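The structures come next, written out as structure tokens.
Both of the next two complexes hold chain A, though its partner changes from chain B to chain C.
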Partner chain A sequence: MSSEESRAGKAARIRAILDAEGEAVAANARHLNDRRYEAIDELGAERYEELRETVRGIKEDAIDRLPELLATVEAAVEDNGGEVYVADDAADATDYIESVCAGLDAESVVKSKSMTTEEIGVNEALEEAGVAVHETDLGELVIQLADETPSHLIGPGFHKSREEIARLFNERFDPEEPLETADELTAFARDYLADRIDEADVGMTGANFVVAETGTIALVTNEGNARKVIESTNHHVAVTGIEKLLPTLESLRPFVELIGRTATGQSAAIYNTLVSGPVNSPPVPFGDPDAERTFHLVLIDNGRRAMREDPDLRETLYCIRCGACNNSCANFQSVGGHAFGGETYTGGIGTGWEAGVHDLESAGGMNDFCTGCSRCEPACPVKIDIPWLNTVVRDRVNRGADPGEFDFLVEGLVPDDEHGGIDRQKRFFGNFPTLPSRERSWSRCSASTPAVTCRHSAARRSSSGSRHAGPSHPGSRSGRPSSIPTPTRTT
Partner chain B sequence: MSSGRSAPTTDEVARYAERAAAAGIETTRTPREEATAAIGAACRGETVATVLPFDVDLPAGATVDPTTAHLEAADTGVTAGTLAVAEYGTVVVTPTTRKEGSVSLLPERHVAVVRASDVVADMLAGFDRLGEAFAAGRNDAVLVTGPSATADMGELVEGVHGPAEMHVVIVGSEP
Partner chain C sequence: MNVGRGKAAVRALEALGVAVTVPTLPPSGRAPLSQGMVSTAQERASGLYAAVVDHLRAGKDLVVVEPSTLAMFRNDYEHLLPAERFDSLADNSYEVLEYVFGLVENGADSEVLAGPGGDRDRAVVYHPHCQQRTLGLDAHTVGVLEALGYDVVTSDVECCGMAGSFGYKSEYYELSVDVGRALGSQLREEAGRRVLASGTSCTDQIDSLLDRDPVHPIEFVAPSRA
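Up next, the complex of A and B:
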């Protein structure tokens, strides 16, 4: 529990969010879950597992070879006639993007959805510099108009019902006939955004994947806004994290087959757009003889290289940001991303991202919502052990807590030299598969699985750091000191 | 133009049509000599088009190399599909200076013309073909698997920033 907020205060805040957003969140999360199950069934469990293994291997290799892939992509994008800028942090990135816009005398930028630009605060930075920014993804448009933050990795307006969106549009735009249905709202947004896109000088996108060898970015959308933004503006700025690099075009293929399924329960997302530098398409409107296209790829570090060196947080870099962990989370399904908190990323893998790109405080708040139930783990297409990341972050938050915050009742009446580590109940839930096999015969890892091959084995989560291990867990059935490990592991 | 590639089995084209239907894409299969008429039959209203990079004529009513005004007034845009993936119902648009990027995206309806020999079984084979195109410098591609859609307004709506309707004409294949 965060010491800045009383227990009652926190409960009241969650209740308020539940009242305001719970219904829309529950409907959206459950719908996406059902669709994900169907899309995976269509593929077949065996092939799904094969694809997960494949993409996991590709990401492990790519993060391992990150410095090499960065050099490769810089050369490839330049060969294609574009430019690459590797930004150390958010300020470095926004300074660069501002300078690109200033160099073009840009007055307005149209964007397709990008969580990385949320992370670095591009919109705020550009608006302060006098450049108008318009989001073209309809979900992003909604939260931009409402001046809110995204509550989900792929559905930024996940917490808003159609009725709320209609109210927002009617208040903001005061149309002749009030908007009501999803069709009317979509048609209105399309026309409004078509004008913004026509006026814009710069098109900004994220990149779901970056192919180093060919200098190609892959953009995954359903609306078609990423391509429309690129077609209709002369200058394309693509902003993404350095962890999105993949070695080859071939290595992109299994991600294309998985991301639509785990994100929205589609066999494939509607638009997988591959762009390698400035495109050859004549910009719309046609006929400007001076039109010259430029392409800037801004790759953001902002803590990622340090995450790569961190044996626990490193796994976060494999994330493809599909949101399956959010949808599968029992608590997220009820309260949604705004209750979880986090500066940019929320729920599920959000803990790892916030710990890596922002700070432990931002990660720790949402961490309280993880019960360690592990439903997110099989949902993750890249096989990230998200419950473990939550355990690690909780442990770091606790250890970093001010040791003087709580006084012992009687000095010296302490069983062991315990630091502020994770509380034992949480440690148990977060790690139950690591218990000796006879204590967990009901768990996923079968008792006959040799410890060294079981992913959740003690070999992975070493209990060697037993200096932090508390006394035996009260629930231990064996009667001997439990080997509930501390959240340190060897990899 | 098929560079010695073996033509797909009828089953593969049939499989494409089935998966395309699941993705919300209509299909027509036509022999080469009837292709122009089949494309014309798939178009609705004002039609803009881009020259096809293979030996199939566009319908006479289609405006090729449209101006901005043509594009904005168009109901249908016709482009080539350079590749189709049967397993997913995916069609690949390769944007070039001929304006495939905007013609396939801005009108309400998109008609893609694909040679039967460019229908491959799965994504693996599809990425092999994309790899060849990239190596030859055609490194811009849009893999399209259905009409533009969003659920961001509370319900599924088709036709957001891209077309609401899609039709793929497969040439060189008898139904």
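Up next, the complex of A and C:
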């Protein structure tokens, strides 16, 4: 296929997604983005920056000490009466989870939302093994019923309008009275899911954070389904990436303070659940109080240890998957994660995850949607340089491509230092400022050079600078960041 | 190349008492960097540094009109240049209205700049370039405009959708237009206001979205040609 044909194909695919999902995605992403600005304003720019610095430092340290933290968490969870399994890859993880379910003669599993289980394909593996899997997060339930994939890191059903969800429920469940309003849909789902949870043998959750010292998993949700899944079943399997480890319970606090704000614009999520090993409360409702209760923590490597060794991709491991980089991205707001997404992960940071846990092909397919506009940078609670990650992955994709058959025979004849396989469109735009002006007369140059220099140091940024100033919402007409530099005149 | 805004920058700075040199500089490397051509961008960064180093050593400040170029100096070059070169460029480069803001804050006479009055409207709507906002420098433009007496409304879309070369690529054209629609409708809501935009690609995008003849803020506030 020529690249022209594939460009036309890509344009058609984007058009189809824009038509089908654009409206719902735009409304949801912009809404969460606006709420994030409000929540950060409420927190105050200074406190926000302080927290970001703190959590960034904790993450850098935790990834640095990962082998040590893994050993600590194994011992702590075992002390609590649970088990830890570190899975090398997706197949290793699903084999283990299948064997846990088989050992319990489990017929059905209820799950709360987890992108990591999407990454390793748990649902498919268990269903193949004859175990029924029911998603209990509303968005995940919608996606499961529709047989689709998540379109957002925290809002899997982001791309569906209420009308579409009502149609789906009415088709699937054929209720006596057709469902219509959000309240009706939620009430129906609640009853339906309560029955699934009652029947289930195993409860599966992800983990937003894992505290190594105490063997505690932290779950942040708004529906309370994670807690219900854990309390109502005798056997809890928590599945998460090894990068979620934090050293101490105390180091968890600033993350909890930030994640609700950057994810959904809430000062705190509704349910913050801490679980250390098998729960010892009696199962609800009416469970056997003497039943044995077990806890399995499955920590997934699946490329993460290699990412840790990769100086560019390593930063991805600091990600707490809040979705702020999805919501703050203008392109994402238009097309959502079914275009700007790889096999599992979506939006700006999705590129880093896909390159690390899947492959360059998956990352390369989504990478072009990052234009480097940099608006995700101040949105990211852990200060990941997401545009740079996308640039690095793009460079790797360029280098990974085979030199095209019509490429220059001698690489030295081209105006850049790039590998011969680079896409010709990229080479054209990359060398744009060096083209003779006739060739670019159809457009104004977008890469201008600095215009003026002056002789006197007449303006200076204050040392606090504004280089990493927090986002100030420009929607408020007078809203200016408090960090306007106060230059000192020296002439 | 859009020379109007460069000339306006010189006029404004000279009126404020700054001695201005306009050097001929090679490209910053933004274009290859945006295409993932990291080693080419690295070459460009070194070339640019070599071309300005004498000016920097002579104690001059580097004032930049295009926000995406300034973002190279202050952010991206961190990945492309040795630390001390990056630091010296980052510390000594300024966005043009950031610089004007600093001059005025420190006592330069803003009367020499063009304020509202006569046939100039008081009401403006400003779309800051995405990278300028990330650098926290949209506030300086708003600050200068307000100090001059303008009534400023700022757009709150994250990006104009053109994003350098993105909107020129055939496969992304429709997406770029869709993204631009959000900006278009905000600008339309402020129908009576003069449209200001700080990025070249933003200006292009707005030009193709509506018939409002957007200008760079420095062209707007610079004293008219003598």
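The rule is short, and it goes like this: the second predicted complex is superposed on the first by the 397 of 491 C-alpha atoms of A that agree within 3 Å, B and C clash if a C-alpha of one lies under 4 Å from a C-alpha of the other, contacts with A are read in each partner's own complex, and residues count from 1 in each chain.
One rule holds in what follows: contacts are C-beta pairs under 8 Å (C-beta built on N, C-alpha and C of every residue); 3 or more make two chains touch, one makes a residue touch a chain.
Owing to the predicted nature of the structure, the values given are computational and were not obtained by experimental measurement.
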Chain A residues touched - chain C or chain B, whichever exceeds: C
Touched partner set for A:Thr391, first chain B, second chain C, both or neither: second
First, second, both or neither for A:Pro175, with chain B first and chain C second: neither
Partner chain(s) touched by A:Gly44 [first = chain B, second = chain C, both, neither]: neither
Partner chain in contact with A:Arg15 - chain B first, chain C second, else both or neither: second
Which superposed partner A:Thr216 touches (first chain B, second chain C, both, neither): first
Interface residues, chain B side, partner chain A - complex: 19, 22-23, 66-68, 71, 88-90, 95-97, 99-102, 105-106, 123-124, 126-127, 130-131, 134, 139-157, 159-162
Contacting residues of chain C [partner chain A, same complex]: 1-2, 5-6, 9-10, 13, 17-23, 25-28, 30-40, 43, 52, 55, 58-66, 68-69, 71, 74-76, 79, 90-91, 93-94, 96, 98-99, 101-103, 105-108, 128, 130-131, 133-140, 142-143, 152-161, 163-166, 168-175, 178-179, 182, 200-201, 203-204
Touching residues on chain A, where the partner in the complex is chain B: 80, 136-139, 142, 155, 157, 160-163, 165, 181-183, 185-186, 189-190, 193, 214, 216, 222-225, 227-228, 230-232, 249-250, 252-253, 256-257, 260, 264, 266-277, 279-282, 284-287
Chain C contact footprint on chain A (complex, rising order): 7-8, 10-11, 14-15, 18, 22, 26, 30, 33, 328-331, 333-335, 339, 367-368, 371-375, 377-378, 388, 391-398, 416-418, 422, 425-427, 429-434, 437, 443-461, 466-469, 471-475, 477, 480-481, 483-489, 491
